[in-house]
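First subunit A sits with subunit B, and in the next complex the same chain sits with subunit C.
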Partner chain A sequence: MFNSSSWEVGPILRALMRNKVGALLIAIQIAVTMCIIVNAIHIILERQELMARDSGIDEANSFHLISTGFANDFNEQVTIETDLNTIRALPGVIDAVQINAIPISGGGWSMGLQTQPGAEFDGVGTAVYMVDEHVLEALDLELIAGEAFKPTHVRWRERAQTNWPDQTIITKAMAESLFPEEPWQQVVGKTVYINDNEPILIMGIIDKLQAPWVGWNNVEHAMLSPEKTLFSSSRYLVRTEPGRRDELMPKVEEILAESNKGRIIRDVTSMMDTRERSYRRHGAMIKILTTVMVILTVVTALGIVGLASFSVNRRRKQIGTRRALGASQSAILRYFMLENFLISTVGVVLGAALTIGLNIYLVQAFSLDRIDWYFIPLGMLVLWMVGQLAVFGPAKRAAGIAPAIATRTV
Partner chain B sequence: MFSYYLRLALLSIKRNPILSSLMVAAIALGIGASMTTITVNYLMSADPIPHKSDELFYVQVDSWDPNDPYDEPNEPPDQLTWTDANNLMNARKATRQVAMASSGAVIEPHGQDSKPFNAGIRLTFADFFPMFDVPFLYGSGWSESQDLAREQIVVLSRETNERVFGGENSVGRSIRIGGNQFTVVGVLNHWQPVPKFYDVTTGAFNETEDLFMPFLLKEELELPNGGNTNCWKSPEGDSFKAFLQSECVNYQMWVELPTERDKQDYLAFLNSYADDQKALGRFPRPLNNRLSNVMQWMEIQEVVADDARIMLWLSFMFLLVCLLNTIGLLLSKFSGKAAEIGLRRAVGASKGDLFMQHLVETACIGIAGGIAGLGLAMLGLLGIGSLYGDFAENLTSLDLTMVAVALLLALVSSIAAGLYPTWRACNIAPASQLKSQ
Partner chain C sequence: MLKMNNVTKVFRTDLVETHALRDFNLHVQEGDFVAVTGPSGSGKTTFLNIAGLLETFNGGQYHLDGLDVSNLSDKERSRIRNEKIGFIFQGFNLIPDLNLFDNVDVPLRYRGFRSAERKRRIEQSLEMVGLASRMKHLPSQLSGGQQQRVAIARALAGEPRFLLADEPTGNLDSKMAHSVMDLLKDINARGTTIVMVTHDPLLAKQARRNIFVRDGKVSELHEVSAFAEDETAASKVANSKQ
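== the complex of A and B ==
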């Protein structure tokens, strides 16, 4: 049964050569479709990987807000102390800190740290978070080496003040970038320099905390500076017990707004919303590319259905004749399935070349990553299957053509 | 003859409703996808001030770190220091010049029931309004002398005027901003350049500011820094004044230079200014000053997002697939008409006549696809608007140009798709088709 003559590759090829254009059209469609789909999936996976990164803080149960003083008699220092005490005492609140910038929010402060003093040496860029001793609890950070801040470490920072506290806690990633030669545990107790020559002692290391800028290459670089700020606007980050965030957000806003009329409370935002906002364009790109992929596959499949139906209709008489001469229904079915398989093969081979070509262009023009090699055979397989599925309907109909049709004239 | 072809085309389309609607759908999908991305790219790369974008120049002087360029390979900083902004303003070497910065403060409206709110501020100079053709609803901008006198005056955006004064003509009224009394001198009409070219440092498609006030009030009232502040060395001292005098960049500057000669003169002036500063011990880097006109600056700042460009290319490939599809479908359709074509040829229609007839038919399908595609593009833009939120707010409206482009693209691409099938159909030998009848 499965000898080579029953596979009819020769006759199919000869028939195809008589209608090159139709077959070529399908092949090119398959090739371009494969090229788009594989590159789109590659971009989608890349974006999903970005979006899946952990910021290091308890995002699900945290929110933040801004308090801006405007009254002439606004006492910022007293307000901040009172606010933090009030928030921390609320039932359901785990802890809260004043912080100069919110992780993954897009806006923040960066500095360079260097291992040798002097303007001629390069620094390692890092995000700066100005926080007090409540930071580990409020941000849900794990101290993996060294010591935590104590209340005595924390100072007040004026708006135009330029010097820095004597201690810092940095992330493990930052420790590894600063001292690539040494294990991170040994970075505790080392002195680094800020502003070219101002010494700072690394007193602790935390496991993970992301910078405010999600598109930054060094997003894992962050340092904690033990200070509270008097910048006329303050950000508070509040961490609640699981499930109590939504109930506490309006409550905290109201309590703070009522407690002091010389300031406004604004931008009360959950960390989940902040994440959604920061990654929105990636999320959007994923949705758009997914839509494009689905529509494109449907269009290509419909094209295959259309052309296959047409070629079946044109060959009704031939099919009838073959059936009358003894070809089985499955032989007819196999003929069209195999014909499509051959066309698809040309398509996916061409598609593989196009896919690599587009990827090379995307890598050069938009500094995307290279495609993993196994995307290509997977894409080929998928397009083969789409072709076979699409052609099955028309082929089935062809197989159903009655042998008697051969005897009719038109 | 044309109307006869049109009637034939409609007849033929009606005879094959499924095949015809498949073709219209394929073209519509391709046009819809491409028009959505073309519109977003078109708006992102639009010239925000077309009649004078060649005469407005963004000023960059290299005041940066001797050891490292501001940006690789050797880019000068994208903003100025307070010192340079003021020196260049005082020099008055251009037809018009504005230095500016962003800031923020709390506005306290008069009424007891209206709550104080935070407002975005643009600190700038008198030339800002005439230079950028800013439209006024009431009053006007301020004068150079008011800049120098550091008068506490303010121009409100239309929205701010509505919020604080209920939309009345508020010129001459007082308003409390950041704890200080200001006098309103003007109210803007709606103004939203896309991109917001005059300051793209925090995003090229942000809303315009809520209010505009004289630049020098920054020093007078110690207003906070908005936007990005970058320093290569920290200020010498802890006062606000020390910060202003530092090498930190936070200010943007534009000059209006109507002729090429003016531009060359201004660049020469910048270079001699930089030399003067070197003599004072500043500007440790080699001379590297730049003037970029509006569109050049948008290019340098990479205002068109990479994602938008990737989507543009993908959507063109999408259109290609849809057109290949249409070619295939047209081939089937026309070869089904072989008998009819043979008959018409036999009774005397020339190849050219038949070619025209089928081209009209293809064009009809193209136009229908184009109109349906416009509908899809509107849906697509709505989708992009909801996916990207306020980032894309000013980037998702179809204007007349885009509608024309869509229809033209549909027409041209469908005719291009129809050429080969039509040509093949017309080349049918009449006899071969008539024999079997």
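== the complex of A and C ==
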């Protein structure tokens, strides 16, 4: 019987107005819960989006390590050449490079590139990776314009050296930032300046390579500089065939350590571990927010159960009387479900305002993104459902109250 | 129109079995006004609850308006209560959070009447009990007698065939009790069948018919041909019985 008269919205509202406090407290609790849940989910999704970004390299099959020479007769240049040849020759290894910094690892070099020479011009910040001609294969990068490094481009850099090679390969994002007016394809062949006025020719563009700093706004800005470094400590990045990384990590470590006793091998780390460590704060944040959301939802649901149970007990006689006057069990059930729905409605409307308010604050204070509009109706829907689920038990018990309660003096 | 034959009702708890009704027999004719008296615990309320379909029974037959009610579903029983039976309680049982209008509205909504129809009936029945001007008042703003009048208005708004009243004057002083009784007689005179439980012999004597319940049985029938106009005569009958 879906007759409007059996939906007692008016009387329920008027009765609620006479018992405002409890209902209002629950409505406020619903509002706060919705506000926090929606904003938390928004933050979680944002973090997950950050975490899901592609670094550009073959993370699943790559690892890196550090080789540090200490012996008096340690010949760094020879060691690096020998090491790279040894690693590259190993079965299962696709390629390897010496590299000054590991993408998304948290530590590295940055420089500014500018389109005009002169100290008065601002540069565009970029991460710098010093690598040889094996870089595209070792990092699994895609050259989308221009040319790759040849062995002849690659030079050796001493520790104190400040000048730069004449060529570079940059990421597409960097190309677009340097020359926002032009299509990125046409950036190949252009000259930019480093250290205010040292010219560098852009000889190629790669699709994607992230900087070492995952929290950096320009994380997609990277340049490849064709050089090998003589800094007494060398990093090697090794890319293996799929599934062979774990087997090769200890093997490479052992072979390198054995081949030259004048240095030590340390920090043998997979790229997956590097990613995990870099995003650990994000992961922890997601866990904390999820826990808070679950606790808050449970507390709110329990609050609704508590208020509903209390009001059912308080109204036993009234329920019996309603039954005596002709209310079916489903009419009683509906009464409490509807009452909860009305309280929740006040809660979620208030919650929508609070949610937007908190989001505006977060946008201003922490430069978070704005919430997508559909989060609001979704949040309302979820809390309506939490309310209806929570009230169902007490409402069911109310429906089970015997009509004879009406005449029995309790 | 209300026919109970050998109705029994047993309340079972873990410890005891209470035989609230044993072979309870009663026929009530259409238009009658039956007063039920009897000692406390004799089964009067149990009888009224069964008569009003608030409670089920264990044995015997009960026909209401020709319908065997023993096997009805809870939903059907609710509908019959709503359409055919009006209840009046000792404690009035008004809903404290609702004003008089909304209180009388309660059974009409379960009935599914449209809003205009409900409004007409509410105003009419509150008019009949003399409280039409207090529609927006809460029950707590009324005296006991007035509250019971509202309860009567609520019971009658759906125009039931039966009015069942359990000690309707039990919480009222004698002046208010008599005015409520006058109202009930008035209602009965217009054709509504009334069964009223009371412990007040003076009021009982004003009914058309008296029955006496003891130990869950109708033990004594007292037919009164018409309303007793003479109160002293009625009280003499009552006194002679004690």
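Note that the second predicted complex is superposed on the first by the 407 of 410 C-alpha atoms of A that agree within 3 Å, B and C clash if a C-alpha of one lies under 4 Å from a C-alpha of the other, contacts with A are read in each partner's own complex, and residues count from 1 in each chain.
Assume a residue touches a chain if its C-beta (ideal position, glycine included) is under 8 Å from a C-beta of that chain, and two chains touch if they have at least 3 such contacts.
Computed from a prediction, not measured in an experiment: that's the story for all the values here.
Asker: Looking at the overlay, what does A:370 touch: subunit B (first), subunit C (second), both, or neither?
Answerer: neither
Asker: Output check: A:150 vs subunit B and subunit C. Expected answer is one of first, second, both, neither. What do you get?
Answerer: In the superposition, A:150 touches no partner, neither subunit B nor subunit C.
Asker: Regarding the shared-chain residue A:318, is it in contact with subunit B (first), subunit C (second), both, or neither?
Answerer: second
Asker: Per the contact definition in the header, classify A:120: touching subunit B only (first), subunit C only (second), both, or neither.
Answerer: first
Asker: On the A-aligned overlay, A:264 touches which partner chain: subunit B = first, subunit C = second, or both, or neither?
Answerer: The first partner, subunit B, only.
Asker: Using the touch definition from the top, say if A:20 reaches subunit B (first), subunit C (second), both or neither.
Answerer: Neither: A:20 stays clear of subunit B and subunit C.
Asker: More residues of subunit A are touched by which partner: subunit B or subunit C?
Answerer: B
Asker: Once chain A of both complexes is superposed, is A:327 in touch with subunit B (first), subunit C (second), both, or neither?
Answerer: The second partner, subunit C, only.
Asker: Considering only the contact definition stated at the top, list the common interface residues of subunit A for subunit B and subunit C.
Answerer: 409
Asker: Which of the residues in subunit C end up touching subunit A in this complex?
Answerer: Subunit C residues touching subunit A: 45, 48-49, 52-55, 74-75, 78-79, 81-83, 87, 89-91, 93, 95-99, 102, 105-115, 118, 154, 158, 166.
Asker: Which residues, counting only subunit A, touch subunit C once they are in their complex?
Answerer: Touching subunit C: residues 1, 3-6, 8, 10-11, 14-15, 18-19, 317-318, 321-331, 402-404, 406-409 of subunit A.
Asker: Quick one: in the complex, what on subunit A touches subunit B?
Answerer: Interface residues on subunit A, with respect to subunit B: 21-22, 25-26, 28-29, 32-33, 35-36, 39-40, 43, 68, 70-72, 119-120, 122, 158-163, 195-196, 231-233, 264, 266, 277, 280-281, 283-285, 287-289, 292, 295-296, 299-300, 302-303, 306-307, 309-310, 314, 362, 365-366, 409-410.
Asker: So in the complex, which bits of subunit B are touching subunit A?
Answerer: Counting only subunit B, the residues touching subunit A are 19, 22, 26, 29, 33, 65, 67-68, 105-106, 108, 115-118, 178-179, 224, 233-235, 237-240, 242-243, 305-307, 309-311, 314-315, 317-318, 320-322, 324-325, 327-329, 331-332, 335-336, 383-384, 387-389, 391, 420, 424, 436.
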